[in-house]
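Listed after this line are the structures, all set down as structure tokens.
Below, chain A partners chain B and then partners chain C, in two separate complexes.
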Partner chain A sequence: MIDLIAKPAVSGLPVSHGGCTLSAFDAGPVTSIAPYPGRDLSAVLPFPAPGTVSDYQSGRLIWAGRDMAFLTGVAAPDLSGLAAVTDQSDGWVWALLEGASVEAVLARLCPLDLRLRSFAVGSSARSMLQHLPILLVRTGPESFQIASFRSMAGTLVHELEIAIKGVAARASL
Partner chain B sequence: MTQSHRIPGKGLMIDRTRPVRFTFDGKGYEGFAGDSVASALLANGERLIGRSFKYHRPRGVMAAGSEDPNSLIEVHENGQQTPNVRGTMQEIFEGLDARSQNHVGPLNFDLMAVNDLLAPFFSAGFYYKTFMWPRAFWEKLYEPAIRRAAGLGRLSGKHDMGLYEKAFAFCDLLVIGAGPAGLMAALTAARAGAEVILADEDRRMGGRLLADQPEVDGQNGADWAASVVAELAAMPNVTLMTRTTVTGVYDDGTFGALERVSLHRAPGEAPRECFWRIHAKRALLTAGALERPIAHPDNDRPGVMLASGLVGQMGKFGVNPGKVVIFSNNDSGLHTARSLTAQGIEIAAYVDPRPLPVTEEFPVYAEAEVVGTRGRLGLKDVSIRHKGGTSVIAARTLALSGGWNPTMHLACHLNGRPEWSPELAAFVAKPGMVPGMSVSGSAAGFMSTRAALLDGHQKAAAALIELGLSVPEISVPESEDRPWAISPLWAVDAGGRAWLDFANDVTTKDVKLAAQEGYSSVEHMKRYTTQGMAPDQGKTSNVSALAVLAEATGKGIPATGTTTYRPPFIPVSIASMGAGGRGEGFAPQRLLTSDAKTRAMKAPMIEAGLWYRPSYFPRAGETDWRTAADREVLTVREHVGVCDVSTLGKIDVQGADAARFLDFVYTNTMSTLKPGRVRYGLMLREDGMVMDDGTCARVAEDHFVVTTTTSGAGQVMRHMDFVHQAFCADWDVRMISVTEAWAQFAIAGPKAKAVLATLGEMPSLPFMGCADVTIGGVKGRLFRISFSGEEGYEVAVPTRFGTALFDHLVATAEGMEGCAYGMEALNALRVEKGFITHAEIHGRVTADDVGLGKMVSAKKDCIGKAASQRPGLFEDREQLVGLMPVNQGETLSAGAHLYNEKDPAQREFNQGYVTSVAPSPTMGCWLGLGFLKNGRARYGEVIRLDDGLRGRKVLVEVCNPVFFDPEGGRMRD
Partner chain C sequence: MRIPCPCCGDRDRREYTYYGAADFLDRPAEDAGLEAWDNYLHLRDNPAGVTRDLWYHDPCQSWVEVERNTVTHEVLSTRFVSAKAGASA
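Showing the complex of A and B:
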């Protein structure tokens, strides 16, 4: 019988320069939940408002687009008839960016206003990181989760590392 | 003596405890930390810094900021060079290698200076008049000669390997320029709690407070500036951006800005420059004003400066100008003369065309003009024409002040036009030229320090109210509030050449000639004379030139108007705007789970929809792609091949209305598909042309997985989303891409089933069947579909297991005389079968053109159906056909056009074109697919394939596009 070995989405992490660290992040199972028109899911789970995140059991629901949220960390409950449910665990690479200069690093790559007062802890957005499509979640004043297409993991790390290094090098000028 | 021209104790910006050594044209110089190349050279007594563009005239430093037209230098580092850097902007650092440019031979003996003697022949329009005839001379003689002489500075021809950055910033109020008005505005807004970005071109904030250092609030203006900057720097809501020039205004409150991050240091880890896009709710343009020279004969010698340039070089860097003559038509020039005298500088003459009833501590020549200068490589003396005749006064520096042009360029970037102010003799911005931005301080014509401070406060207060913030109590400091008067004098009429645009060598004569020859519109004059088209963009010359033009045409300045102010305000390196985009940074790389193994097998990779896919897998002894690809094709036909097909788009479609929705987006019917079965589908765009093709698998009653082509994946996803949102938003259907979630591999060939059997217990699927499977405990999917014409399966597992599965499949296939196959073989296999790709469905073909007209169901509607039935889409169309060479050994090429055998290769005889070709080891010759006029009716006809690019003419027989196994028995049974 064949034995398939799982391979992580990303290698070469963590990287750290000048107090900003990029590390791999295990989001656990990831399931997209897309409620059908007019369905109310509140009896089952707290579907997040656009641009926000909500807690569900030990996992969390991240708004991920129009009528779409990603449930991470726990298996999806039964939503038959209420929502389309699709396993996305293997479709995305997840990384955690932390440190005092995290906003400055992301300002090099992402066109959104990510200052704390505009993009508070618990905010989520679909955006771009240089040329990469990303799902961005603010998990703390100095930490963000970044998810991108799994095949682009190398580029994601590459782009972020350049930005982290550049910001760190500025501090030494 | 080193730094012989420094005034002891002066120079705010330099640190006299830190000497810095650098080279200019290979010669070593010493300056101080904080010096610019211009100030360091001036401090060392060097006035000659470069050569002018056209006449190669010796030129020196004129200004102290980015407006300087003369001091263009090259900066060399790491075998590369950056030309046209302004010496006034480049800070020196240890080891800086700066060089002058635009000369042949040494700077002080430029062989090209012969142009200056030929000046009578080089007037405006010279090129247009001279190089017209004889016509044959243009390409061989004129153009090469002009190209050699033209252009400023040289490039290394190498890639710029420096690190550059782009970045985004956001604020409530962007303050552009940190002079008196800017500092006052930023302070007002910052104390109100607004998020403020204050950007300034210089490395220290203060603007002219650092140059002429007027008293502010009872202290030196520079000290007041420092105290304000210190307060701002300590506030969390303020971002101070030094060395940052706001370069352009764009829509919706977006501003471009260029930050010189580390250009003041030797290259290191930090970015050289950063191009910012700043989004501001409100903005205040407090960029100050730029002084303009007066055009008088020989006003371009090294040693002739703007009065403000002189004041800046003195105040900021302690440069000693030696004996000075000042030529001014306004009160600021007179004030400068008094201020310099008070600082111990000898004013040899103050020259003013106005009747001045003043007695000064220096010689004043009222109602007088400068009519000439002498000194080839540096000013020696100045000729002054006055009531008593003409006097020649020895001087080392001639300072010119022809008045001030408010720096309102940015206010004009959205196509607003400024208005003429007769009081200032300058153009000023009108309110509302840029929504959300107002202009303040001397940029708005408030010329005294006190007026600028007051205006900065008031405009900031107005912005705060618009932002919904309250205006803090703040006292605007006292400062000088001198009245300001000017009597316009643009050019001195005394014969000789008088320069307007120093950078592009445009004189008053050129402008007058332009008017005389009919180029009397300011935009035409600019293009005819090239005035304002150098790297400085005419910052010191535009207004003077149009004033001279207005005099020549008699139209007056307001009617003449300005040329268009466009971004960028200063030169912006392409490297900064395209930061991160060099080489592999150009686009994301999408790597397959089979990538490492594929590269280890030495497969050359090609890009498809950002993915990297193998072309072929070379084996020992295979010296070219053809040998490997032929082997791979035959292996698939005879044994088995494995190919990574994960790049194909996969979209998960669910919901009670999913089948109904797919019927709407596909031309054929998907609702009749039974669970566990797959159907080939075709999608049209709204205009009726084919958009994409792929398979549609029904994995459960209300659950489909559709595939798209690799490059069409994004487009199909967007299209389906659009159709759903626009036409049937209330249907119970949701879709999401699962392309990245699954690694999928094709197993094709007579032994495909045997390879599959090694994965565990697999269901026996009919052709076009699908099933959920378990492979080594992992849930996967199995499809029986074929893009090769052989018995084929595609097996999908969650992406994390892709690497392991690919390794297993390749090893297993190789154990059965099979192999991995790449894109070349995949292409040959599908061409043999006449299967289409985006080479065929390229956006201009209908379903009928590709022979799939019957797939557009007559029983239902679908997107694009109505448009696909437009008149004209059926008669005399080019239709998909197969092409085989009559002589089997001949090569076909894609992109070639098709002609009837005897017709010439001319447009009107064109019969069609070739979209795909492949060498077919199965058929023993090259095969082609192409579109031919009424092609389906012409099977058996011999036509000519004509590839003009490669000079290839091949007779080909038109045939059915399915060359191999037309009944399809091999993939079905």
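Showing the complex of A and C:
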């Protein structure tokens, strides 16, 4: 068996300006779980309510769309007959944005109200970053995980870097 | 303009894609006749007031039927197209 080398989707990370850092990270195996209509998965795993994240074993279940969640970090259990289960590991790129100015950076790009009082730690949302579809998870008061389609990894980094630089430049005036 | 998604809550208009009048949900029967089909495909009201139209909420992949007022820009109600009896979306 040929030992294939996994290559990162993005290059040039981490970038850091004005106390805000964008870095890549490995989310581990990612599996989308979409329950079939009317099926209850609660006996197997805690399917997250819209906009939330729930824990499953050592991984996480991130709400990722209507009737869909992404299981990250661990392999998916057997859900045959209950849900459509698809491996998404290679299809998505994950980035971590952290620092005191994260909200200001994302406010330039995303139409959601991401202030702590309306988007608490542990919230998730599907939204847009400019024209780029993203999955957003708040992991702390000053940290967000951002996932997007792997084919658009370059755009994701480009847009975020411009916003980070812009916020940093404005703060330094 | 903000449209409340029945799944995600209030969301910005940029997250939606507009399709057209909700009349598209009322597809006539195959043998309904030329006039009914012409009406369905081509004739639309253009009301100054309450109108119903279809929007796709891209982030949660849902078709939403929005009842809104074109004069006051007020959004009166929204619901999933799939919640409509007999519809397949």
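Here is the rule we go by: the second predicted complex is superposed on the first by the 170 of 173 C-alpha atoms of A that agree within 3 Å, B and C clash if a C-alpha of one lies under 4 Å from a C-alpha of the other, contacts with A are read in each partner's own complex, and residues count from 1 in each chain.
Just so it is clear, a contact is a pair of C-beta atoms (placed from the backbone, for glycine too) under 8 Å apart; a residue touches a chain by one contact, two chains touch by 3 or more.
What you see is a predicted model, and the numbers here were worked out from it, not measured in a lab.
Q: Where does A:Ala24 make contact in the superposed view: on chain B (first), on chain C (second), on both, or on neither?
A: neither
Q: Check the residue A:Val74 against both partner chains and state whether it touches chain B (first), chain C (second), both, or neither.
A: Touch partners of A:Val74: none, neither chain B nor chain C.
Q: Classify the contacts of A:Arg126 with the two partner chains as first (chain B alone), second (chain C alone), both, or neither.
A: The answer is second: A:Arg126 touches chain C but not chain B.
Q: Which partner chains sit in contact with A:Pro111 here, chain B, chain C, both or neither? Use first/second/both/neither.
A: A:Pro111 contacts both chain B and chain C.
Q: Under the stated touch criterion, which partner chain does A:Val44 make contact with: chain B (first), chain C (second), both, or neither?
A: Touch status of A:Val44: no partner.
Q: Using the touch definition from the top, say if A:Gly154 reaches chain B (first), chain C (second), both or neither.
A: first
Q: Of the two partner chains, chain B (first) and chain C (second), which one does A:Val15 touch, if any: first, second, both, or neither?
A: neither
Q: Based on the A-chain superposition described above, do chain B and chain C contact any of the same residues on chain A, and if so which?
A: 66, 68, 111-112
Q: Along chain C, where are the residues that touch chain A in the complex?
A: Within the complex, chain C touches chain A at residues 7-9, 11-12, 14-15, 58-62.
Q: Any idea which chain B residues touch chain A in the complex?
A: 163, 165-170, 195, 261-262, 265, 268-271, 277, 279, 580, 584-585, 587-593, 611, 652, 654-656, 725, 729-742, 758-760, 775-778, 797-805, 808
Q: What residues on chain A touch chain C, complex-wise?
A: 50-51, 65-66, 68, 111-112, 125-128, 133
Q: Inside the complex, what are the residues of chain A that reach chain B?
A: Checking each residue of chain A against chain B gives 1-9, 32, 34, 36-38, 66-68, 83-92, 107-108, 110-113, 115, 118, 130-132, 149-155, 158-159, 162-163, 165-166, 168-170, 172-173.
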